[in-house]
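In structure tokens below, several structures.
Paired with subunit B in one complex and with subunit C in the other, subunit A is shared by the two complexes that follow.
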Partner chain A sequence: MTKIKEYNVPFSKEVSSRYGGETIVLCYQCGTCASSCPVAKTTEKFNPREIFRLVLLGERQEVFQSNAIWLCSSCYNCQERCPQMVEVADVFFALRNIAAEEGHLPNMYLEFASALINDGRIVPVSKFIERKREQIGLPPLKSTGTDALRKILAATGFNNLQLKKEAES
Partner chain B sequence: MENLKIGVFLSDCGKALIEILDFDNLTSFLKEIPEVTVVERGTEFWKGSGLQTIIRTIKEQKANRLIVAESLPKLSEIKIVEAAEASGLNQNFVQVIDLKNHCAWPHRNVPLEATEKAKAMLLAAIDRAKILEPIHKLEFPAVKSVLVIGGGISGMQAAEDLADLGFEVHLVEKAPFLGGIAARAGRFFPTDDCAACIQSPASDVKTITHTSRKCIYRSGIAAIQGLKIHTNCQVVGVDGQAGNYKIILEKKPRYINETKCISCNLCAEVCPVEVPDEYNVNLMNRKAIYTITPNIYPPTYVIDEKACKFNECKKCVQVCPTNAIELNQKPETTTLNVGAIIVATGFKEYDPSVIKEYHYGEYPDVITNLELARLLDPFGPTQGKIVRPSDRKFARRIVFVQCVGSRDKRWNDYCSSICCMISLKHAIMIKTSFPEVDVSICYIDIRTTGREHEEYYEKARELGVKFIKGRPTEISHDPESNLLIVDVEDSILRRLLELEADLVVLATAMVPSEDTETLAEIMQIETDEDGFFKEYNAKLRPTETKKRGIFLCGGSTFPKDAPSSSLQAHSAALKAVKFLNTGKIVKDQKTAVVNEEYCGDCEFCPVSCPYDAIELVNVDEKHVVAKVSDLLCEGCGICVGTCPLNAIDLRHFKQSELLSQTRAILSIKGQDKPLILAFCCSECGGASVDSAGMTMSDYPTNVRTVKVPCTGYLRIEHVLAAIRYGAQGVMVVGCMSEGCHHEDGVKKVETRINVARALLKEYGIEPERVELFNTIFVEGDKFAEAARTMIERLEKLGPIRFSKEV
Partner chain C sequence: MTSYALFLGCTIPARLPNYEISARKALSKLDISLVDLEGTTCCAPPPVQSLDLETSLAIAAYNICLSEEANLDIITLCSGCFESLTVANETLKQNEKLKAKVNQILVKAGKEFKGSIEVKHYLQVLSEDVGKEKIKSSITRKLCDLKVASFSGCHLLRPSKVLKFDDPERPHVYDELIEALGAKSIWYRNKQKCCGGLLRGYADDVALAIAREKIINASKAGADCIVTICPFCYLTLDLGQVLMKSTYQEEHNLPILHYSELLSLTIGVDPKELALEFHKIKIDSVLNKIE
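Our next item is the complex of A and B:
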């Protein structure tokens, strides 16, 4: 049993003060998001309504301990149908931003991030892809060049996220 | 002009004030003023011997202006003014000031200074008394006749009340039959009786008891003396003003002579044209000549213009035994003259087809609650059997979806308040008649807020209705099984469900009737952000509009159940009676008056008037001036504050009165502190000054108050005048921003104060010397604190110095 001494309300304030997270306070737990969600249909690990409930009650640790917030596929079905016009998918981006800043970045996303910084691509160009392209007559992929991209990423603070995680590991 | 003889009466409130105010000093001060001919001291002047003293002063000593310092400001004011008027003195010549709460109590720790402030307050009243003018009573004729728009449960009951009380009533219904949405609903909660049921009129002599309720058809409503029912009829024009409205009605042709028709049904039997019956969910056909249900008023038929072949066919004309069918009827226009209007236009079901994921209108087995009501009605298309409209097979599994288009920011933000109860009622009806049917209700919150409503919820659970806490995201259709599938999360179990259903019932939002906007335009009354008619004040005047003589009831202001609609109908009827009962409208001429010499060619005041009391009239071809309706004007003075040419004044509170009070009250300085003038309104803002006294909240005596009708009355010149007469700072104390008694007077003055501040800044005067405060009665301490803060602020700033440095 969980003994609740005091709900950590500032957590919902923290989320609603982030870009994309503003509307979370409107949630009245009707479950439209959950029943709209294609991910929730395939795995019990993800239920947007439940995560919102945890955020609104201030269960910060529980939200970031699991990897659930990274499972949203951003199909925006929930956001289209939410009767309170909560920007459900956007709230997940706000949550992910907080998580990333604090180093709760799952390894897979970390790999994406390094690939982006090093190669300018999220998905690395494998031998398999090169062969496939050749088979169907597509030209080989050129290097994208990462100079411009790195400047952009530096300006957004993306590099810092990366470093923080690396320093921790 | 007669000589001024001012009588001043000082109450020491049962000697409570003697230790604070020096009454001997005040008396000798007053006696030195030449116009003051009588000064009396006593313990209370609003009753008993004190009041007799006042009457004697008027009658024997011929005092013609009275200033009474009393401690129960409003009650004493009413009693004293009543007595003065009875003694022949005009009410406007009596001023009651409150030396206790505005002076003695808040300044009880500084008695010498308090006495000086009391002198200033008395002087202000005396200077005002010198320029007061009488206020006369006005009378307007009022026709003792009422138009009731809407023949649903509210409209019928309001009309009946009024007719029983001897008023002439015109009940107008746009549909061919009375009953409104309630008649379609079949049964009412929480009484379980039928919806086509109203109270029995007093004129029904053969009824056993008038306290009983009756079906419309046996109620005798049509026989009530003085009640004229116009069905198939619409209001297309409203002109005139309160007490005397001209109404234009347009009656659509019914093609049946109501007085001749005997409802024998021969016409419908021979009619060859069949069309789907919308009233019955298109589950059956009706003829082009038809009636909707047997117990309806008027007990006659109507011809569907779009379906009838008229002269090509004429079969009905041939069989009608009473020659009641008149195929050449044309629309008719009639005019009425009424004194008041009651709007009872109700609400309608929201069309849920815009919510694409529920596929209403696309899947025939997705229906609304009102359509289900027709299925449940023994007079309905299935005689009470619940079938799937797609194949007319018995519906074994029924799912209700709550909050469809309600509590949904995409469609209607509000909770429609009755849909939970309607669904519970229907679920109970189904489970009672067909216990084997599986009924689920998907809900976000179940709202059973009325008396005996929670019992419905309980009964539904007892009968085995399943409640699923979750709002469905989508309804899909399986063509093979012809079943509907409802996707919903049971959020208590945190489980995603796919509910199979034969029939899905949408508990759709209730929205304003389609003609609401048009009628609002015709009558020039307001609607709210949801499109319903807007009441004057939801708390205290829920059945009145801001426009005198136009009243609201039932679902026209918000979706409501039958008990609330009845209550409002009786309330609106009572308000109309109160308004018209004497056959005339009597009011004091406490109104705005235009100086036509200065006024001309602008439109500021008609736009700013919250009561639509000002119109522009042509003086010649090119020029217009403003004209104030004495009937509609409520005397707030927002027009005074708005007029760019300073061409409007209030009869009961002239600007000269404001300025002379301001000058006088600032002319005696009590303390070695900066002087502040606080303009306060006569409503909440002013009440907070009273309550500062009542709660004995201290503030410096150099804060002096002058009351205005509404802060919206104030002009920038008034603020500047206060400074010219010696104020180092100006406070404006008004109601809360959303709580202004005259709509937005306090918001308007806020803008003006900002302009005044900018203007002062131009001359090097610190803008923070002028500030608006929004308070309510209970915030006396807030006013006192604001006054103390202002004084401190001004002490820091030092005296006003005009300078070129900005």
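Our next item is the complex of A and C:
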């Protein structure tokens, strides 16, 4: 049963049916993305064209096990230049969203999620900085809309992401 | 006087008081009034978009709603905030179905996205509202042969289809604003290339290697400093040079300034008021080039 289901819903369809992932099916593997990519020029661990090839071939496990999807620096250079109008950086967000739903996310991102839920901001303001702000004449920071944000996160199911990862560890 | 809702975001108030103070002082001197709104949150930049794109849209939309209620356009100092808020604002203005979906979420927080305001990066406010001529006429201190490697980073320009700030491959607006201050904006290799900042914390070695290349390219071209307009580019290049000492045993000592600092210094803000001690790489060599 499982095998048939996987066959009927190819990975590329799974990705293209998600918000952000729609355009992956337009990729014709020219490699403009890889040649425009600052990360691919620096490390062999990341090549957007190769990752897209794996998605189009249905290599779901390989894509998520390698962790390469987390090496995109979201600079959007590839997206500007793609002759097929593939929204490359956005497809990476869609791929990361699937990985996050399944609990495959780097710890740093889990920390961002916790900070967002707890403080409403992803970089905490230390007591040291609060004192410095006052000393140099910056106005006190206005309150953060943490309560409103928690209601939004509960409504979108974002809170479940964190629970899944915690259950896994 | 034009008023804007100042969207500070997370990184600037938490880590870069020198950026915030210089921007507040410069904009005030140029007759831009800033209103700090209650109840804002993180803008949902790429790290949050990586977790869930639709949640990110809702978070950005919530923050836009606060400005809609205050009937003010948003001004951002951070390119990350500019990108996430503009993408949400423009996407929801154009996509009724998505807007309805996001509003179903926002109603839980007592908000509704209407699409009645604009989001602007402060460079846009400087180039469109203030204008180069007014900046030039506000200058009280001359720059003596200051060669600037301008670095606009990624999210001021890209994705250009939505952000519409400048040409993504051959931008000129930012360089013109630098030259309006009396500095020379120089060409250097791979000027438009990303700083690698968003990989810090996950792949520090890759991020630092990308940043190193930028420092070397700007130095080789004879730059006295790099001038940035994004908190992440600034941190990656300023703090990055401290890490380059320990990782590569290299001392570059290339000053990194926020554009708002150079602007403040030239339009007569006292350097003592600018918390310049927050720079990891000291900027005295740049200060010495100001008359």
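Note that the second predicted complex is superposed on the first by the 141 of 169 C-alpha atoms of A that agree within 3 Å, B and C clash if a C-alpha of one lies under 4 Å from a C-alpha of the other, contacts with A are read in each partner's own complex, and residues count from 1 in each chain.
One rule holds for everything that comes next: contacts are C-beta pairs under 8 Å (C-beta built on N, C-alpha and C of every residue); 3 or more make two chains touch, one makes a residue touch a chain.
Fair warning: this is a prediction, and the values are worked out from it, not measured in the lab.
Chemist: Please tell me, clash or fit, for subunit B and subunit C sharing subunit A in the overlay.
Modeler: fit
Chemist: Classify the contacts of A:94 with the two partner chains as first (subunit B alone), second (subunit C alone), both, or neither.
Modeler: Second partner only.
Chemist: State whether A:154 touches subunit B only (first), subunit C only (second), both chains, or neither.
Modeler: Touch partner of A:154: subunit C, not subunit B.
Chemist: Could you look at A:17 and tell me whether it touches subunit B, subunit C, both or neither (first, second, both, neither)?
Modeler: neither
Chemist: Classify the contacts of A:61 with the two partner chains as first (subunit B alone), second (subunit C alone), both, or neither.
Modeler: neither
Chemist: Check whether subunit B or subunit C contacts more residues of subunit A in the superposed model.
Modeler: Here the partner covering more residues of subunit A is C.
Chemist: Looking at the overlay, does A:38 come into contact with subunit B only (first), subunit C only (second), both, or neither?
Modeler: So A:38 only meets subunit C here.
Chemist: Going by the contact rule set out at the top, does A:75 touch subunit B (first), subunit C (second), both, or neither?
Modeler: second
Chemist: With the two complexes superposed on chain A, say which partner A:124 touches: subunit B (first), subunit C (second), both, or neither.
Modeler: In the superposed model, A:124 contacts subunit C only, not subunit B.
Chemist: Once both structures are overlaid on their shared chain, how near does any Cα of subunit B get to a Cα of subunit C? Whole angstrom is fine.
Modeler: Across the overlay, subunit B reaches subunit C at a minimum of 6 Å between C-alpha atoms.
Chemist: With the touch criterion stated at the top, can you tell me which subunit A residues are shared between the subunit B interface and the subunit C interface?
Modeler: 77
Chemist: Can you list the residues on subunit A that touch subunit B in the complex?
Modeler: It is residues 26, 28-32, 34-36, 40-41, 47, 49-50, 77, 81, 83-85 of subunit A that touch subunit B.
Chemist: Note which residues of subunit A are touching subunit C in the complex, please.
Modeler: Residues 19-20, 38-39, 42-43, 70-71, 73-77, 79-80, 87, 89-90, 93-94, 96-97, 100, 105-106, 108-109, 112-113, 116, 120-126, 129, 132-133, 136-139, 141-146, 148-149, 151-158, 161 of subunit A touch subunit C in their complex.
Chemist: Which of the residues in subunit B come into contact with subunit A in the complex?
Modeler: The contact residues of subunit B facing subunit A are 357, 403, 407-410, 444-445, 469-474, 487-491, 494, 496-497.
Chemist: For subunit C, which residues count as touching subunit A in their complex?
Modeler: Residues of subunit C touching subunit A: 8-11, 13-15, 17, 20-21, 24, 36-42, 45-55, 58-59, 62, 66, 104-106, 108-111, 154-155, 158-160, 168-169, 192-194, 196-199, 201-203, 206-207, 209-210, 273, 275.
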